[in-house]
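Next come two complexes, and both contain chain A; in the first it sits with chain B, in the second with chain C.
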Partner chain A sequence: MRIKNWAGPVIFFALLFVPLLSPEGYYYRTLCMIFLWVGLASAWNLTSGFTGYIDFGAVGYFGIGNYATALFMTRANVPFFLSIVISGILSGLIAIFIGRYTMKLRGAYFGIATLAFAEAAKQIVLEFDRTFKVRFFEGSHGITLPIAHNEVFFYYTFLVAVSTVVFLVFVINRSKFGYALKAIKEAEDSAELAGINTRRYKVSVYSLTAFLIGIFGGINAYWSTYISPLDVFSVLHTINMIIMALFGGTGTVMGPVVGAFVLSVANEVIGSRLLYTWLLTLGVILLVVVVFLPRGITGSLSLKRFKR
Partner chain B sequence: MSVLSVQNLTKSFGALRALQDVTFEVREGDVLGIIGPNGAGKTTLFNVIVGIYRPDKGDIVYRGRSIRNLLPHRVCRLGITKTSQIVHPFLTLSVRENVLVALMFGRNLSRRESEPKADEIMEFLNIADVKDMPSTAISLQKRRRLELARALGTGAEVILMDENLAGLNPKELEEGMNIIRELKKRGKILIIVEHIMQAIIGVCERLVVLSYGQKIAEGNPLDVCNDERVVTAYLGEKICSQ
Partner chain C sequence: MSLFVQALVTGLLMGGVYAAYSSGFSLIFGVMNIVNIFHGELIMIGAFSTYWMFSLYNIDPFLALPVSIVSVGVIGYIVQRVLINRVVEAPPMISYLCTFGVHLILSNLALLLWSADFRTVTTSYSGVGFGVGPITIPIARLVTFLIAIATTYGLYLFLEKARFGKAIRAASQDKEMARLLGIDIKKVYALTFGLGAAITGLAGGLLSTYFVIYPQMGLPYTIIAFCVVVLGGMGYIPGALLGGLLLGILQSLTATYLNSGLSVAITFILLFIILIAKPQGIVGKGIVE
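Right, the complex of A and B next:
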């Protein structure tokens, strides 16, 4: 019952032709939002799902990507695609520095340290200008980006980005690199004893996740046309990534994809009808999943791999 | 010739001196046993040698090179690893994948290069029948074998075995002892921590006895077992008098 390997390419090719149906703007926006969340949840899963280090500060890199792209585009007139790539690299580099220290911590301590990092990043962006009497991050005013492209442009940008991330996770899952991450998750001391440089692998994957999240942040900035610290550094984004990945199944390729898809659609369809009770409903759904499918939807299915 | 030399090793946890001035040599072709009462520092000694703990004082020299400041993966790649007393397999991976991980990273091989070697190791250790099972689903004896399989997978020449034979029935114990003899023939250097004296005397040529973190005796098994201090500290009766 594992989701077959051909499912990914088929869905990708089907999605390529969606604009031929010339759907309304609302559907484009909904699809882009789904792609954004699938991408973020998959990127989060790469570090936290595979190594078991639950990152509560992933939104920090989302915010950094948003702001870097916004600043590059508005202050330096750097083209969009170049901006998002630089933003991703910047996120990745910052993550190497942060990861060197936080990745020494385990369990809840890692979670708290990363949460503190993301909150600190938010505060820096919020208060930098006032503190140093300059106009750079624009504080709580936020930054407005140029409005240039149509929906189809963002649709394909998101589609390419999310497909790349999911394919990357697919490749890593079967690679030597992936085995190192799984070994670290299961028994870090044993991994060291088996010759795995755990520190290097942990920091590498953390940086890779930050790179990917940073790129999505960059796309988000241009897509939203307006960003502010309280929005793009909101801890709720991190929590969303965690919930979506847990819902679908962490440490798997398709888990976060399914989780992010189901919850984004649910949020759109049910959330707009049950305006006041939606969060409550979501809580109940999550409880049911955690209690009855502790490995998430796809995780519970793939357990059958061992039952012959 | 000395392969591994442990020099004046001292390690404290707070006020507890887990190891105090421990010195011994491991030579080519050795099967060295380390015995002593619970809490004597045997597992700590292993953890210091492989780099899980850093010693407070003293040095560990492996083939002429100090390894006291190296992390376990470096020590492993140089040629020393250990099997843990409390088994820690990579639970969600299959038995075969567990061994593959050790081969891929310990010897820096690709997955394809590792596969035949993993099968060979599992065949040798008699766990090939469970190779596709998740490592959660196999018996304790097989999990201990799996620990050993991983240690062999890394290609390390010196293997520290921490109570790898504990809790086995007589037949399994005999099989375990045969595996150790065979490993010696294949050129492995083994350091064994064990409480089962029958196994220790059956396979070890030399013993080091630890008590309260200090080395209290060293020598061939018969002499050590008749040593007054060893009997008082650990054995309790002259089990080796025959």
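Right, the complex of A and C next:
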């Protein structure tokens, strides 16, 4: 356990000095991509991994973050950092509203309701302009953002964001809040009987996840300079978060980090070569993990040590 | 007025198609509590079975339906037997991630084998309809509508009356008791999945005669099936028919009077509202976790 606690800060400090090596643009992009996925998978894990409520609509908040930042920056000339914070808060507020209703549902019903939310959000952004004859979301044309900053800027932005998320999960994991969330996963009814206001905890963590995903959405919008509803609201993003978190091990701090890291590197190395069979491979990986390693790689590796 | 009636008729017939491919989803959920994410792929394989029978051997799609039924039924049986039976006792999250993995595998395998091309089954009666006053009724959709009603009713009768149907219901109501009474649960599960898949394959074969088919078509169908089944009540078989018709009419009216993209948004908003306000479906006979 002690080694694990050291690993985080050591990796963080090592990553701080990466730009000194002045790597090529490709490596910056790959590292930013990895940070993005580690952040998203960790944020998803905070709600779904800890409470066991599997959110199939997490991409909804990613899309909202992307669009909010794009609109604030292009329409109102709000500075980037302020834009992403507002986008995060907006996502979090929407999640409080959505969560108040969806968090009453259990199991598959929660999954379907959140999926419906994300798909509805996508369709609204896609069809709003055409239906009401205005120019706001720009429909399927998407929005182009200004190109201003260099790779180093995005590298540090992503690094700070992802470190904050992982540190937050680390803190929550050992806090009373974290124990309450785990109690909800293990036995929600008993947790309620024990005096935990489960609904408030569930909505809080759901909103926190949405806030974090919204911020990553905002960074993504500026980083990729062009966004469209079909891309940023793609259900494939949710699926990636789920598979990455599950692959590494849900409900742990390091699981989603390891899972997202391994799978994004695999996607970069193998995915670009096996363009047509990558999703197929992902399906096989998912089945193997689900049927043979349901605790994820980190869980299965540490199973021996922690077995009581 | 005739625009409204036409929209209503189109919606009703569309609803029949929805009902046809959703009852299998409802059956599988009702018995095993599994949300089958590769449901759309079963439809796709059913549609491709008829397509290949038609384009390779020139067999009429309606005569090729048994091929769709058998091929998809066998796939469903095997997947349940080999894979899902291993995780059926695990937390629900595991089982739906498992069906999700199968979704990725089937849709991408189909993409590799058959390429991403859009295909159609064009027969002599494709697009042919008959007029009743100012209203046009497409024949192929009418036939699907009738078969959907017959299948749903047949499935309902089977579950109520047949000996095996009773075993399925017993397994879904009280697993432990059914096991004590000597019912082989895993076998019942595999056969139920096979039955649900076979019905879905039939629907897939039917809709290939008037919809464009392609390997990646599955996921939207799965989502519509969710919506239909939630509307009618999860696991309540006649509910699939009711939910299908309702959704069909609603979508057709929005597409006629607003725009077709918005009808998808309305579908999801409706799904969301029903889940929150009345998760047991509009007639209140669905299963709630």
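Keep in mind that, in the parts below, the second predicted complex is superposed on the first by the 300 of 308 C-alpha atoms of A that agree within 3 Å, B and C clash if a C-alpha of one lies under 4 Å from a C-alpha of the other, contacts with A are read in each partner's own complex, and residues count from 1 in each chain.
Note that a residue touches a chain if its C-beta (ideal position, glycine included) is under 8 Å from a C-beta of that chain, and two chains touch if they have at least 3 such contacts.
Given the structure is predicted, the values throughout are model-derived calculations rather than measurements.
When the two complexes are overlaid on their common chain A, residue A:Y109 makes contact with chain C while staying clear of chain B. Of the two partner chains placed around the shared chain by superposition, neither chain B nor chain C is touched by A:W6. Looking at the shared chain after the overlay, A:N197 reaches chain B, while chain C stays out of its contact range.
By the touch criterion stated above, A:Y179 is placed in contact with chain B alone, chain C being left untouched. Greater residue coverage of chain A by touch, when chain B is weighed against chain C, goes to C.
In the superposed model, A:F132 makes contact with neither chain B nor chain C.
Look at A:F17: by the touch rule set out above, it reaches neither chain B nor chain C. Contacts of A:A187 after superposition on the shared chain: chain B is touched, whereas chain C is not.
Residue overlap on chain A between the chain B contacts of one complex and the chain C contacts of the other is empty.
Across the interface of their complex, chain C is touched by residues 52, 54, 101-102, 104-109, 111-113, 115-117, 119-120, 123-124, 126-127, 130-131, 235, 239, 242, 246, 276-277, 279-280, 282-284, 286-287, 290-291, 294 of chain A. Per the touch definition, chain B reaches chain A in the complex via residues 50-52, 71-74, 76-77, 81-82, 84, 88-94, 97, 100-102, 104-108, 110-111, 133-134, 137, 150-151, 153-154.
Residues 29, 33, 35, 83, 86-87, 90-94, 96-98, 100-105, 107-109, 111-112, 219, 223, 226-227, 230, 258-259, 261-262, 264-265, 268-269, 271-272, 275-276, 279, 288-289 of chain C are the ones touching chain A in the complex.
Only residues 176, 179-180, 182-183, 185-187, 189-199, 251, 306 of chain A touch chain B when the two sit together in their complex.
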